[in-house]
Amino acid sequence: MPRIDGRTAAQLRPVEIIPHINKFAEGSCLIRCGNTHVLCTASVEDRTPPHVPEGEGWVTAEYSMLPRANRERSKRDVAKLKLSPRSAEIQRLVGRSLRAVVDMAALGERSITIDCDVLQGDGGTRTASITGGFVALALACRKLMLEGKLDKMPLTGYVAAVSAGIVREEPLLDLCYEEDSSAQVDLNCVMDDQGRLIEIQGTGEGRPFTIEEQRKLVELCAGGIAQLQKLQKDIVGEL
Amino acid sequence: MPRIDGRTAAQLRPVEIIPHINKFAEGSCLIRCGNTHVLCTASVEDRTPPHVPEGEGWVTAEYSMLPRANRERSKRDVAKLKLSPRSAEIQRLVGRSLRAVVDMAALGERSITIDCDVLQGDGGTRTASITGGFVALALACRKLMLEGKLDKMPLTGYVAAVSAGIVREEPLLDLCYEEDSSAQVDLNCVMDDQGRLIEIQGTGEGRPFTIEEQRKLVELCAGGIAQLQKLQKDIVGEL
Amino acid sequence: MPRIDGRTAAQLRPVEIIPHINKFAEGSCLIRCGNTHVLCTASVEDRTPPHVPEGEGWVTAEYSMLPRANRERSKRDVAKLKLSPRSAEIQRLVGRSLRAVVDMAALGERSITIDCDVLQGDGGTRTASITGGFVALALACRKLMLEGKLDKMPLTGYVAAVSAGIVREEPLLDLCYEEDSSAQVDLNCVMDDQGRLIEIQGTGEGRPFTIEEQRKLVELCAGGIAQLQKLQKDIVGEL
Amino acid sequence: MPRIDGRTAAQLRPVEIIPHINKFAEGSCLIRCGNTHVLCTASVEDRTPPHVPEGEGWVTAEYSMLPRANRERSKRDVAKLKLSPRSAEIQRLVGRSLRAVVDMAALGERSITIDCDVLQGDGGTRTASITGGFVALALACRKLMLEGKLDKMPLTGYVAAVSAGIVREEPLLDLCYEEDSSAQVDLNCVMDDQGRLIEIQGTGEGRPFTIEEQRKLVELCAGGIAQLQKLQKDIVGEL
Amino acid sequence: MPRIDGRTAAQLRPVEIIPHINKFAEGSCLIRCGNTHVLCTASVEDRTPPHVPEGEGWVTAEYSMLPRANRERSKRDVAKLKLSPRSAEIQRLVGRSLRAVVDMAALGERSITIDCDVLQGDGGTRTASITGGFVALALACRKLMLEGKLDKMPLTGYVAAVSAGIVREEPLLDLCYEEDSSAQVDLNCVMDDQGRLIEIQGTGEGRPFTIEEQRKLVELCAGGIAQLQKLQKDIVGEL
Amino acid sequence: MPRIDGRTAAQLRPVEIIPHINKFAEGSCLIRCGNTHVLCTASVEDRTPPHVPEGEGWVTAEYSMLPRANRERSKRDVAKLKLSPRSAEIQRLVGRSLRAVVDMAALGERSITIDCDVLQGDGGTRTASITGGFVALALACRKLMLEGKLDKMPLTGYVAAVSAGIVREEPLLDLCYEEDSSAQVDLNCVMDDQGRLIEIQGTGEGRPFTIEEQRKLVELCAGGIAQLQKLQKDIVGEL
């Protein structure tokens, strides 16, 4: 059965990463995965939070959706006086994923905040935030090197992420919003450029899933992530 | 003395308004005034807040800056658990300005929320929000007409806004961030397309200013606003 | 057409400023403009916020209405867990207005907080807060001089404020609540004692207004402010 | 040993209750107990909170201190995004105390909110709030009768309150701030006009206290309360 | 008339205090007074809040109910973004009561936080929190002595608390929830082991009460508290 | 290499589930997995949130840690005015996991809230919350059947959860806190009683992990979950 937008089961949506989208941020990009658009900026500060060991750096992430990123307008978090639990969960995931490839000692006593603001959301905003967030992070590190503040890139690998899911009993890569809404199973993978997992999160939304199905979804993700990392390398270059 | 970016005293920064930037919003645009970039969306809902008389509509605005819109990253409002007072003040101004040209009875029992999110800020974000917000509003009204939900445009005029200020004793139109930072006087005008004032806000930041100086600044604004409204008409068409 | 309370178009409401109303504050007054009553206190502290340059002082303001200051009881800000946007806007205005005449270096490394609490509100609470807030500020400075903590008054002028508006097509000074509710245009001026503007804020609430109308309203305000400053001088003395 | 302000052990501070201090509230007074000044307003609304049985009314209280009511300026509750625990405790006490003499069925389906705002605090603000709050409540009920909305006063008695304490081993009535600061024991009584207790709260701040001492303090309070109720009757009249 | 659970008027509910219930806290117990179960932990930290004089320690308390501690589930405080006023009041009472027997100089520059979390509530949760909180506090002090961090117990007495009330005109000790719900008068006493009062709080919920009635209730409490302190001594030992 | 507590790699900590621990909740248990103790209650209410289709029910969960559940005391969420992001993430996971086996139409128009309060935490609090939360949920459903409010159990399977991780290159089941702190990889599985996955969440905390390693960890979890579900069946009985 053909997918709603004509893709094959293992095909990514069209992806575009526009680097240097923000004039002020140390690193930035706009990532477009189909109709999902996320603005990612990396901000460098010369101090670290209290829990960070002396001599080391820190990387953290914040995630938010503009109120009209979606089909229906949603209230701003500040109007509800709290961060949406969904945003809280996602920004913790983005932060953990990026930290997995940062050599904190090589980064030195500075912190980098990755802001992922969803301008338009059509499914897969969290994985787009990770893929785009990595580019913003790498560009900021590159800038620190150019300015002589770092001797070498403090990154040990590339990080990208994508989702896969089971829709009408069929495993599909990179679900768009409409597929996601009717998915029976939804699974996200974050991987490095050696095909190793950094994060895996799977949910049986419509029904439980077998270990075999889970394996198949991871394979689909691995294929998509390899393509995303090629795009990242084109922009960021060798580490 | 030439301005920092080479403009003449009465010259606007390059302005660009890209309509239909958001796939989901009923009306939207991205407005770029120099390096100030504001994403404006209009969201229509079929209910009104309690204070609105039966049979009438309502228009309101929300304003926010992305954390890295500026030279330095600022904390998100939600992290501080409150809307920044500056944002609160600006969104009240944007809302009042747009309501000034809305025929609430003609709009009918629906409300339109204008979200102005500053992607990049280089001075004049509040006036850009008004100018872009009007375009989003008008496009949303146009859409309601095309869908047969409105018989006529419920707008009684065009609204645009710009700032002027006194920098090193010289009155200048449309201050960029660096001019704004050293301005002695800063004044914003919101006007309709008959050259009438809807809002005026002036502040002696470095020194008080005479009534004569105030007059001169309003004149500068009037000139800039006329140009902005030409751009608006190109996009929105006749009302 | 006579005004609702029998005043002429350019006539202030009866004004009374009672100094030293609070036993503990370094400076204080109760200002009554007709039925608008605002309690203003100035509190001196020997430290300044982080953004203030070394060797300089700071002046800030807070504004609030008691819940039953108005015709209807309103909820306290704390019950809603946020400062009302209107209060946020007004206290920024009061603070800016007063800072315009403070020589921060002469004030030295101390901060003065002006609290303006509206006990009863009948229109014009923001302008009464500025006029009364200046008296509280000046009395606090006077006290610092008497205690030998300041060599000279750190104030470079008197600041007072008043509103004017267009009601039934007629420009009127110092609107009371009922006039304000039906005003077509509402404009506030803050001025120093040389008739120069410190702040101007005008809003076309019912209709846009011409530059000529705006000019007329500023003139009305200038006349009222001169009278208010006479009252201030009687209490505060020469600077 | 004479008291700091020359009073005898069983003597109240000078008390003054100025009724009708607020033009808009249904009932109001300013109560001054020495240098403690509390503005009390009663606001009537024609609806009741959900927990109130049909056909009955409700009375509640809110308490707050102006930021410069005290020797040192304190932050506003809203700046801390929470009601101070002390204020929360006091307003619960004031509400319970007043409800003790209200016939909720006779009041009918309306609620009365008593706002107690401390303009200046010199000890005993919670007891002054109860004594003044009762006057505001009774005046509001009187007004409802005059307007024909109530057939009879819905109050079953007078309520007043005062504190007593042990200072330097001596039991004293109505502690002022300086006595309160060095009190070993502090006890508040709320009583009706038959000398019965409605609330009693005692704290051994410096040391525990015997049942005998507690008894002596209650007696002192009873004497003071009788005097306060005479003042209340002069203003409010027979119930 | 027999009590609902068969007790005599002056009889406590069955009480049980299980010490060392928490593996990590420096001191802890689970106190069960009938169906009221409170988990009390004492946490020691080597710093004190800013208001504490140098060389001294501090003791504070926090109180909370689990959402399903009661007959009906209640919302968590955090869901309402504020501490319930009732909890705020109770934790202030618990803190004051325990501090009354702490020699802050002997405790040294450390603070102890007593957390009282109500697992199940059937009346008397605040008094159980005080009685159990004292045990947790004493066990933590004992541990500090065993570790050689304190030379002597910094406690000057035992503290326990209980309620009494008038139900159907009869004075009863230690009200359970059902008695409490229909009580005309409710009174809590906190006492030391010499029968002296530390806190007394009485409320005429259904009707005012005479000084004689108040006295009778205090006597009932004194009897109950003596029994509770015997239990405390069995666990904590001599001070 | 033996584990810190002597277990084999595939061995669970001692587990105990005490049902009916709370007198008021419709279903409840205390689950102890080693030193991790979680109190789970299920509260039934006869209404559903707005997003639930007519005729259907809803199940949701809340998760919180008591302040001294851990080695160090942590601040309460309410003191920080926000739900901890970690708690937000966990309670979403618990809710999703339990909903996976609920037949919402069979449950009917009622909602069940599962409160998971961690009394003591030693690793694995989220998985213990799911395992214990299911028991509380099932007991509440059983009670609804006994009361004749439900015809059949609205549960389609048993749900339990456990973690596994890689510690010093060795895959281990059910990590305790000390193992968890030094784990290179941490993975949680939620499964039904047919060995199918409901949720999977894996994180490379110290290093990325291969798909093969991920598979091994899932297998370990499957073994542990089967044992936990035997315990659940002993308490809950057949569905």
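A few notes on this one:
Going by the order they are written in, the chains are A, B, C, D, E and F; count residues from 1 in each one.
Note that in this section a contact is a pair of C-beta atoms (placed from the backbone, for glycine too) under 8 Å apart; a residue touches a chain by one contact, two chains touch by 3 or more.
All values reported here derive from a predicted model rather than from experimental measurement.
Counting steps between touching chains, the shortest path from chain A to chain D takes 3. Each chain's centre was taken as the mean of its CA atoms, and the one lying most distant from chain E is B. Using the mean of the Cα atoms as each chain's centre, the chain most removed from chain C is F.
Centroids of chain B and chain F (each the mean of its C-alpha atoms) stand 50 Å apart.
The distance from the centre of chain C to the centre of chain F, with each centre set as the mean of the Cα atoms, comes to 59 Å.
Shared contact sites, meaning residues of chain C that touch two or more other chains, fall at 81-83.
Beginning the circuit at chain B and passing next to chain C, one meets the chains as B, C, D, E, F, A, using touch as defined. Residue ranges on chain E touching chain F, taken from their complex, read 22-25, 28, 35, 39, 41, 43, 45, 62, 64, 66-71, 73, 76-79, 81-83, 113, 115, 117, 119-120, 122. Remark: chain E residues 81-83, 85-86, 88-89, 91-92, 96, 100, 157, 187, 191-192, 194-205, 208-211, 214-215, 218, 222 touch chain D in the complex.
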